[in-house]
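The two complexes that follow have chain A in common; it is paired with chain B in the first and with chain C in the second.
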Partner chain A sequence: MPEITRDEVAHLATLARIDLDDAELDHLAPQLSVILESVASISGVAGDDVPPTSHPVPLTNVFREDVVRPSLTPEQALSGAPASEQQRFAVPRILGDEQ
Partner chain B sequence: MSDTLVAFDDVLASYDPALGLEVHVELNTATKMFCGCPAVFGGEPNTQVCPTCLGLPGAMPVVNGKAVESAIRIGLALNCEIAEWCRFARKNYFYPDMPKNFQTSQYDEPICFEGWMDVDVDGETFRVEIERAHMEEDTGKSLHVGGATGRIHGADYSLVDYNRAGIPLIEIVTKPIRGAGAKAPAVARAYVSQLRDLIVALGVSEARMDQGNLRADVNLSLAPKDSGTLGTRTETKNVNSFRSVERAVRYEMQRHAAILDSGGAIFQETRHWHEDTGVTTSGRPKSDADDYRYFPEPDLVPVAPSREWVEELRGTLPENPVERRARLQAEWGYTDLEMRDVVASGLLGPIEETVAAGASAQAARKWWIAELTRRANDAGVDVVDLGVSPAQVAAVQALVDAGTINDKLARQVFDGLLAGEGTPEEIVAARGLAVVSDDGALGAAVDAAIAANPDVADKIRDGKVAAAGALIGAVMKEMRGQADAARVRELILEKLA
Partner chain C sequence: MSDLTRLTAAQAADALAAGETTSVALTQAALDRIAAVEGAVHAFLHVDAAGALEQAAASDARRAAGEPLHALDGVPIAVKDVLATDGLPTTCGSKILEGWVPPYDATVVAKLKAAGLPILGKTNMDEFAMGSSTEHSAYGPTYNPWDLTRIPGGSGGGSAAAVAAFEAPLALGTDTGGSIRQPGAVTGTVGVKPTYGGVSRYGLVAMANSLDQVGPVTRTVLDAALLHDLIGGHDPLDSTSIDQPLPDLVAAAREGAAGDLSGLKVGVITELSGDGYQAGVLARFQESVDLLVKAGAEVVEVSCPNFVHALATYYLIMPCEASSNLAKFDAMRYGLRVLPEGIDNPSAEDVMRASRDAGFGDEVKRRIILGTYALSSGYYDAYYGTAQKVRTLITRDFDAAFEQVDVLVSPTAPTTAFELGEKLDDPIAMYLNDLATIPANLAGVPGISLPSGLADEDGLPAGFQILAPALADDRLYRVGAALEAALEAQWGAPLLDKAPSLDGDSA
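Up next, the complex of A and B:
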């Protein structure tokens, strides 16, 4: 049975930039395990002839013509930004590295 | 702080290098990968963005069919298999160059896989195996404000332009390239250079390294010599010229060797290449943050290229540049050395056109390599810019083949062509260059030559036919080069029989 450890939850929380304290980790790790087990029970029902699927609708090859459509204006694009400068989105200092 | 380096030859005495290259190709589609924003370079900041490429809630991406077509064509040109069915995946990370907090990419189902490309280095062929070529999207551009300008370190905040975010990218990844030894830097360079030729021939990207349309990441590791193992690698990012690719490989080989020689260990990390100083510096160590938690992109349906479509696209492939060279060499019967000269001079195309216009391959090579290249050098221009067309070269050779002129007179025809005196035929007429083959005029000149050289004439009468050369020379001189040398020879031998 799948089980998620407290350490794994802590790791995922870090990756997802969610700040969890010890009490929250103690509380959430077992809950997530229960959720995973519940979901896993579905795979018990599926026979070998049922492949895992990510897309419930049996569609493939939905393509768009390579034709330009109007973009937003910079004002519209930046209207929801907490801060902007020089027509760019202003974001907090980045400590990581470029991908 | 500078790195300790080991002399290049000493690196090879102790270690075997393994290379890996990841090349990102920005496609030249009109629109982005998943939305209709223009994919052109150089617009004002944030003028080519929409809810989809900004990752606004509720916006739905739709795949650009043209980008898929380009991906398949690149894969086919690299001798790859094309997936029958594959999906996009989300690569999750927190860095503001992607506003969605993920990059749409492909994970374990690349559209192209298991290919190869043969790379020529100094006449030796290396087969570079291609692991995969997958579709993804480019990221936005960050400007770091405060602290050291433009650099991340010490920046107070960053400003992001998302015009580039979502432009279609194809990432082409090689398998580890082993066994190149001392040629590893040259192989890396040749691979990127020949890959660019291929991309240009396919017409799928501007492929300008200086503009970032084509970006190379260079992986390098060293293993103890003949151990057959793979060492720990470093990944030098965004090496943006062919020359830098070669230098970066060389530098990392020398740097790794120094660390390993002193008993140290290489840490897996990204490194930055510095074009100005020719060194790499430490970027970011491999860390927990590299857990990208890929999962299938639920908003995009799978891509399942039909075999009919794949074969149709295969029919649109240009001839592979390496195969083209091999084919032309075989057709033309050039030696390896002759072929290398032609390729190095960039004359493959002009010679091919000259041959197509009717000249023999050897004649075409002779005029382009010996005659026109010399003239171009004298004029300080590139031979293709000299102003003589392949059709004109073929026309000059046709006059030689017809016996109207000889090679020496042909040079004067080129003088006329460069001086803009008209077609080769017009120049021959205007300059009075046609060879004389009429027996009356030639006969008189032959008689004069025999009379002036009685001892030579005696030798020929005694059967020493080779001595005829001296008399032919005398006749040619008399006729100012405009005599049909073959007919002159016949006349001499007839008269002295």
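Up next, the complex of A and C:
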């Protein structure tokens, strides 16, 4: 399994939407390599015929009755919002200048 | 009654039922103890003295009217800060949720309220339950009541320390890879991870949803059974909740305390012993195994060969799920919003990136990046896909083992409590603490940790872990209560009586 480079960590941080500064990248990249090295031991342990387990209890399609039930009021739903306007979450612009 | 904080929850419930004390007296005693020792222990992130006393007064009024809601009505409790509490801050030990007050209760919290247990406050934890020492809390660590220079375990170090320091008779914890059981082991307390799906996860802020489970943190096995019985059972708000009644956990604990384990087959797990385990932990473990034999159990050694891969499997599956779960902290609907420096008119994405950098701590960032990597195209099969297959093999090891024996046993954690700071920046050393507890989470089976005594090297508590097949949580209580009774008969008193009093003459 491949080592994880500083550039890769920077790219992953972008994918994960976290601004990491240079010091954090210098610190994290070698630690992640060590972790990956230690988890690499499981490669080849399970044969192709072993099914994956995503969940300890095999349940599928758990539905509830399609009936109205009590839910949060708009005030409750917005109570933790950093900003809100007209019963809506107020967010920074989502499009760039070129869009 | 001289010191109400020393009562177990069962004793407090009996005293309330007999009219010998009141919920207000119990709750005030807990709050006084918190005021006396919190400066040293720091088990709580938020204490709700006024709310707890108000709930206690209401409980006393119900009892006076002959209408208690539950046997534990009026017995105060602490709640790990990863569980949503309507009207009380819920931070998950993270700056990104500083000051957040949920508009709803987790189902387990709603059950506590419906049964009348006053909620003392919210307990400290590693940020988003990521850690084994509570040092990854953004609000500072919790200190082990046995030795204030040492860690109380994690992620639920706050709940375990609160109970060990007699700040609360009961607490709720959550266990994703050992976060209830490992703190129990290093603080000399009892902790149970129920069968996956046996207790609702609704309102539990998820780290890894296929592994997380809420459970009791207490000083005795019977108290854990009482609390587990209260919080467990089917919840339509959790789609992974098992729609079956719980076994009679309290009856199992009472039966076990009588001390007869004849007919029981116990398997000692070969792979969870030996190298990496502290000598004193192994010595206390062997003594406990001998006591089980003395109580009539048949003990055999059982090999679970794939358990050696459990840690690596866990450290792939958990970060994958965590990185997905924590994507919801986007600075838009709740939580911290930070504007990036030096950018005019920043976009939502700029704000998201700056907020997540400012709001998340080191360990959370490590796991998010790791999970993002393991889930990215090209690596998915090699990491996440492989880990899911090995998870199947670990579950099969449990299945095969439980065809031979009724319960499996091991030390809970390989060592006693280590020094604060010792492993903080060495992720692999930190992860090794969960070696023995992780297999149960991967397979969804229930486990308990109870104190096995003090290690000779350092005089600190060691833990004994019992694992049972899924849905057979009652076996944990039967065997746990039997062992607890045998150990206390040897010691002459509960282990926590040997812990330092923390507040000098006033104890």
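Operating definition for what follows: the second predicted complex is superposed on the first by the 82 of 99 C-alpha atoms of A that agree within 3 Å, B and C clash if a C-alpha of one lies under 4 Å from a C-alpha of the other, contacts with A are read in each partner's own complex, and residues count from 1 in each chain.
Everything below uses one rule, namely that contacts are C-beta pairs under 8 Å (C-beta built on N, C-alpha and C of every residue); 3 or more make two chains touch, one makes a residue touch a chain.
Here the structure is a predicted model, which is why all the values come from computation and not from measurement.
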Check the residue A:L28 against both partner chains and state whether it touches chain B (first), chain C (second), both, or neither. second
First, second, both or neither for A:A46, with chain B first and chain C second: second
I'd like to know which partner A:D66 touches here: chain B for first, chain C for second, both or neither. first
If we overlay the two complexes on their shared chain A, which of chain B and chain C does A:L20 touch? Say first, second, both or neither. second
After superposition on the shared chain, which partner residues are touched by A:E8: those of chain B (first), chain C (second), both, or neither? second
Regarding the shared-chain residue A:R88, is it in contact with chain B (first), chain C (second), both, or neither? first
Which touches a greater number of chain A residues, chain B or chain C? C
Counting only touches as set out at the top, which of chain B and chain C does A:S79 meet: first, second, both, neither? second
Under the contact definition given at the top, report the residues of chain A touching chain B in one complex and chain C in the other. 12, 14-15, 17, 54-55, 57, 59, 62, 64, 72, 77, 80, 89, 91-94, 96
Given the complex with chain B, which residues does chain A contribute to the contact? 11-12, 14-15, 17, 54-55, 57, 59-74, 77-78, 80, 84-94, 96-99
Residue ranges of chain A touching chain C (in the complex, touch as defined): 1, 4, 8-9, 12-21, 24, 27-28, 31-32, 34-36, 38-43, 45-46, 50-57, 59, 62, 64, 72, 76-77, 79-83, 89, 91-96
Any idea which chain C residues touch chain A in the complex? 100-104, 196-197, 210, 236, 239-240, 242, 306, 309, 312-313, 315-316, 323, 327, 330-337, 340, 345-354, 356-357, 360, 362, 365-366, 368-370, 372-373, 376, 382-383, 385-393, 395, 427-428, 442-445, 470
Would you mind writing out the residues of chain B in touch with chain A in their complex? 29-31, 35-38, 44-51, 54, 56, 62-68, 85, 87, 92-99, 103, 139, 142-145, 152, 155-162, 237, 270, 283-284, 288-289, 291, 293, 295-296, 298, 300-305
